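To keep things simple, chains are lettered A, B, C and D as they appear, and every chain counts its residues starting from 1.
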Amino acid sequence: MNLQSPGNANPGHNRPAHRPGRHFLQIPGPTNVPDRILRAMDNPTMDHRSPEFGDLATKCLDGMKTIFKTDGPVVIFPASGTGAWEAALVNALSPGDTVLMAETGHFATLWKSMALKLGLKPQFLEGDWRSGADPERLADVLRRDTAHSIKAVCVVHNETSTGCVSPIAAIRAAIDAAGHPALLMVDTISSLASIDYRHDEWGVDVTVAGSQKGLMLPPGLSFNAVSDKARDAARSSGFVKSFWDWEDMIKINRTGYFPYTPATNTLYGLAEAIDMLHEEGLDAVFARHDRHAEATRRAVRAWGLDVNCTEPAHYSSSLTAVRMPEGHSADALRKVIHETFNMSLGNGLTKLADKVFRIGHLGDFNDLMLSGTLCGVELGLKVAGVPHQAGGVSAALDYLAKEAAGASNLPDAAE
Amino acid sequence: MNLQSPGNANPGHNRPAHRPGRHFLQIPGPTNVPDRILRAMDNPTMDHRSPEFGDLATKCLDGMKTIFKTDGPVVIFPASGTGAWEAALVNALSPGDTVLMAETGHFATLWKSMALKLGLKPQFLEGDWRSGADPERLADVLRRDTAHSIKAVCVVHNETSTGCVSPIAAIRAAIDAAGHPALLMVDTISSLASIDYRHDEWGVDVTVAGSQKGLMLPPGLSFNAVSDKARDAARSSGFVKSFWDWEDMIKINRTGYFPYTPATNTLYGLAEAIDMLHEEGLDAVFARHDRHAEATRRAVRAWGLDVNCTEPAHYSSSLTAVRMPEGHSADALRKVIHETFNMSLGNGLTKLADKVFRIGHLGDFNDLMLSGTLCGVELGLKVAGVPHQAGGVSAALDYLAKEAAGASNLPDAAE
Amino acid sequence: MNLQSPGNANPGHNRPAHRPGRHFLQIPGPTNVPDRILRAMDNPTMDHRSPEFGDLATKCLDGMKTIFKTDGPVVIFPASGTGAWEAALVNALSPGDTVLMAETGHFATLWKSMALKLGLKPQFLEGDWRSGADPERLADVLRRDTAHSIKAVCVVHNETSTGCVSPIAAIRAAIDAAGHPALLMVDTISSLASIDYRHDEWGVDVTVAGSQKGLMLPPGLSFNAVSDKARDAARSSGFVKSFWDWEDMIKINRTGYFPYTPATNTLYGLAEAIDMLHEEGLDAVFARHDRHAEATRRAVRAWGLDVNCTEPAHYSSSLTAVRMPEGHSADALRKVIHETFNMSLGNGLTKLADKVFRIGHLGDFNDLMLSGTLCGVELGLKVAGVPHQAGGVSAALDYLAKEAAGASNLPDAAE
Amino acid sequence: MNLQSPGNANPGHNRPAHRPGRHFLQIPGPTNVPDRILRAMDNPTMDHRSPEFGDLATKCLDGMKTIFKTDGPVVIFPASGTGAWEAALVNALSPGDTVLMAETGHFATLWKSMALKLGLKPQFLEGDWRSGADPERLADVLRRDTAHSIKAVCVVHNETSTGCVSPIAAIRAAIDAAGHPALLMVDTISSLASIDYRHDEWGVDVTVAGSQKGLMLPPGLSFNAVSDKARDAARSSGFVKSFWDWEDMIKINRTGYFPYTPATNTLYGLAEAIDMLHEEGLDAVFARHDRHAEATRRAVRAWGLDVNCTEPAHYSSSLTAVRMPEGHSADALRKVIHETFNMSLGNGLTKLADKVFRIGHLGDFNDLMLSGTLCGVELGLKVAGVPHQAGGVSAALDYLAKEAAGASNLPDAAE
């Protein structure tokens, strides 16, 4: 099986066996894994009981604290992100517990469905799939919950289906202002290491994350950053669990090892990713994502299309969901772009199916990769016959040039 | 962080930064990942919603049926092997169910502890850690369980801590002979693709496996092969679960996709591993493991040491646990071998701690790698001052030469 | 040494250690080596006297005939392209021989200097560095050479310094029309496998090529395709040589081996490259390069800049040299683009130093990589303050969209 | 083409497509390329005119001085080792010059043939192919050359065909004692970075080396270390040359660049190799090779076979050539070992064809890889029916254990 040409692994489907050039993987994750990480992972698997492994694990466990910005423990599961959602719920809660969840979009809905499936009672605060969670509305619900039956508030920081960010610090403030003891659980799967995030400072109790987005790794690792309050709550959890049990992990992690076989080669990559993020500097990483998101929105507007997120304060810096003109299919456009220009874009999910396409601009990414991506969208709009105005790419380039000129203190010819 | 030199990643610990030559990873898993698989995994992560991914997933899902020898579904979890243990229990059973488990060794004990933790009632049939499970003793228990309160019999096929194999076909026959309806669950984590195994023919209901042993992959994937009877049982399971839910997987797998993000790059490797196993031929793979195990036992006996497994019919072909002479520490020997000869061996676990060392000879392995491994043990015995007789390696070589001469119909000088 | 981040291997120069995203290597070679080739090369070196090596070498030797379009022998040197220039001269000629060389640009001049250095008498037909060689002017010289003292005509097919292609078939026709017996030697280092080329049909005697351009490999292999006439001439060559000797190679190559150690791992890559070129189809490869070159020229013109090549029939499809406006430094622009946008462009050489920059669009390349490249140039022009008009990228996108719509028979919204 | 299984790339030859385990590449070069080097080479090719490349080249050029132990320039050719032989001759000498060459074996004979072919007059001091060059006999010839017509003495330091080392320091002393001004040229292709070598201290004028032996790289780079005296001689060289010209290289190398395209990816590997050699320490590298060679000779003697080298002071530490018993074919043995045990050994060359097989034990190698190698030979002797005595591997293990015990100050049970 020829796996090297993601664009056309199946010649039997009338596609040529080799497609020239690199595939543009511009879904909002998995993201483009840099060569440096792929090469780190392409090393012989080591004995996970050896002294060398202990050094590696310690580097990963300590390093992830700097990414979550927490002094507390980070649990690393050899599992993809959905597992970390489940771990958050089954450790800190008990069957029958009420949880308040904000309907920010598809992934918030999936998390809610999981909660239901696990026997929790999710109270789902309706949303419009075009903005982040509203701290005030959450606070309202909490204030009415005088019996404190709500045990946790669950929010998706960056809703990957809509391109909207929820204001976590404000949500914590609102919970506190409501005088409610609920835990705060936040899904940062598509924001961590792309958008500013501060587990401790923002008072989050459980942060959920995965490897395949801002951490620039393939899928296969997921994370829980855990506050003391969450660990306390976990002590009285009524859920049975074994694989997901925080305390089993935390206890053995202290020695540099894991209670069961870890995903060794992905940990090789994680150690490298942590180094790379700090080499660039987390603030620079966030600023780069902000810049790329703004350039993308300028392109979208110039095309005469709408950014799905209606609330500027909630714009996502890791992806942009773009609404199709009425009567036009986002999936038809994505198909043209995939087949003609060898680029993958994210599809609209459930309520947004076929109505939006999503441009991922997170992870290991730079100005020219973004430019090529936006050109691919503009080309696709042209080739697929989607009504739009010229000038999207130009608008993005104007902005990127201005930003670059500002950054380098060079004269800017555009002004 | 220099990950390339597993033998010495931490120069600060007074070890040289580069150790020459390849590390001998002779623990009973993770095994030596062949270059062909590492290179397949070292490809850009693809969109797991793309048509190309569908082809890859279908190849993996169908291919794994040929490895388990089943026509039924195989569930692939993006998680390490412990997860597949949990999945087997929480899908097919309900809290409070009694399960009959055979104490074959450390891993059987861990599985029992997990069952307890999950709220099951494990009945643990005592074992001596030097042989596999006894079908007759299991049948006795089942015959006495006239109320059929035992819902499942759980057996580790190849007990990695002791080097003993349990006779699965005979156990199924014994269950049937006892007229008991219990499900049969088998852990093949360290036997699948190394030792002959037949899910359908042997009437197994749930087979548990992992990626990092006979499948020659890094850790990060685990498997359940599932019978119709197990799926039926799962419909009335009282366990809440989401990540581990079989039916969510099986339903979506039919389309070539997964309900949540799969471990894409490890699946690249799995597709390659399946090809490699069939290129060699499963029967040839099993014969090779049998040959290496026999050569190892001949070396052990020539050294005057004891193979831990006392029952020849239960000898494991994927690893050999070797008992140390009284008064000598297996861990001290392993340390000498690791530091002086750059080889990792498996340690003795719990009841066998410091009393045995374990030689892994499974996965991507050949006569000269085995020879080097046995030389490493013999050198270690000499250097560590462990009393032994000369001639272990010679005995192994005599056997390997004879086997090779037989296989190739060449004249055998040894006769 | 951190080799993974070509854009910033030297943190000591006040650049961050990790630069996000992929470097855009848009010099006219070495080109972007596809992952599939890098992975093929990343395999253990094999015994170059083994049967397996014979299979590999035979595949490479036979495969290269299909790339050169010749039935005659192809000699593969474990050396970079300059060596193949030298091999052409020292095999087919003798010290003191006169050779007629067309001054198409920097590389033609280097080849002339080499000829001089080797004791040949190059007659250098002056050129303007803005067009390919003129068959008629070459024929004039040959017609005047009634003594047939000119032993070879040497032409660079695609002059990498100027972006001009010389009409090889017409040059052969002109030589024949002049009734001159001179050999025809052609350098295809930056055209082979990018621009249509036919060694046999066009009557070329020696074709020179290298690995690091259209063949998509790292540097380290070079080639001579050799006609019978050239081999005949070589029999009376007065040059002493050993490493470069054609006949030593050709004789042993017949058995699948080489007279001295070949560059084994680069041959792994070459076998893969040949497969990839045929999977796409050579005609499709050439059409793709033509399309990218035309798109680039449209961008250049829209910016109000000049393509260096003044003769449309001579436009190169593998690179475009762009002339800077008077008073502006090409190298200053390239520096801005390298530092700010992580893209390498080719510099102007000797006569064109600082006056042109060169955009490589050859090798493993596609529409979106080209788009990103042109965006990088447009951004650079803006940030560096180079006077230009807006719309270069837009013009390129218009063309690419139209071409794509035509190719896929999709409705074209642009019309 | 499946390049991943060197042992069986051609299933059409009735060999299975996948052969389990690693191939043992025990020819005396190319050697086993360590993963760390393969991964360094598996990075995107960079612009060889970029600042980053300058850093890389400088590291390689400076680093190689520490390997040759010279303060003078080292020239790196993007070509395999034969090219560096030619470069040594055509730079420092002139056509018609007499050179005194010592017939140490096959490679000395090839170098002599090259000298002849290049128009030099080699005087070939006959040897027995079982010992290194004799300083006294060389001095005799020089003393008789009162006209100083001999311009250079050429010696192969480690003759790869025979396993004999020539005493370079003693040869220099003998030349000096003879009062003869001849240059001293030494081929260290199979000794550099394996056996102690000191270009400056030993008064060598040109040292020739290649990448694919002790430097642990694939073939594709070769080297000349050059004394001032050699550079002076080169100024009056009558050979025409271009690719091989030292001064063109040395001049441009000072800036960190090369006069023509370098083998970039192999230089990535070279930088890594230099680091690895210094991490282990050159003295430790040499001691390791000495130990492995002694262990190998002990095995050979215990088998009752003869080491080809008859002069203990000339024993090679990078390979051992073993003589077959009369009437037995070395190539038949090698074929059995290759087909049955997946190990490549070196064949006997010309005078030694079919009479010896050669065990390479150089490069990235350790005690257990050597043990596996010797087991492979012992197994082959058994299976092929070659008369021998038992105990070769045992003798080697005894020695290795004793050495290891000594090194680690552990009690040695063998005493």
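Quick note on the criterion: a contact is a pair of C-beta atoms (placed from the backbone, for glycine too) under 8 Å apart; a residue touches a chain by one contact, two chains touch by 3 or more.
These numbers come from a predicted model, not from an experiment.
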Inter-copy rotation, chain A to chain D, in degrees (Cα atoms; steps of 5): 180
Pair with more cross-chain C-beta pairs in contact, given B-C and A-C: A-C
Equivalent interface positions on chain C and chain D, same or different at half: same
Rounded Å distance between chain B and chain C, as computed from the means of their C-alpha atoms: 53
Between chain C and chain D, centroid-to-centroid distance (C-alpha), Å: 35
Chain A and chain C: spacing of chain centres that average the CA atoms, whole Å: 43
Where chain A touches two or more other chains at once, by residue number: 4, 22, 32, 35, 39, 42-44, 275
Touching residues (chain side chain D, partner chain C) in the complex: 1, 3-4, 6-10, 13, 22-23, 25, 27, 30-33, 38-52, 55-56, 59, 77-83, 86, 95, 114, 117-119, 210, 212, 218-220, 239-243, 245, 259-266, 268, 271-272, 275, 338, 344, 347
Touch list for chain A against partner chain D, complex: 35, 39, 42-44
Sites on chain B touched by chain D in the complex: 4-5, 11, 16-22, 24, 32, 34-36, 39, 42, 275-276, 279-281, 284-285, 288, 336, 339-343, 364-369, 371-373, 375-376, 378-379, 381-387, 390-391, 393-394, 397-398, 400-401, 404-405, 407-408, 410-414
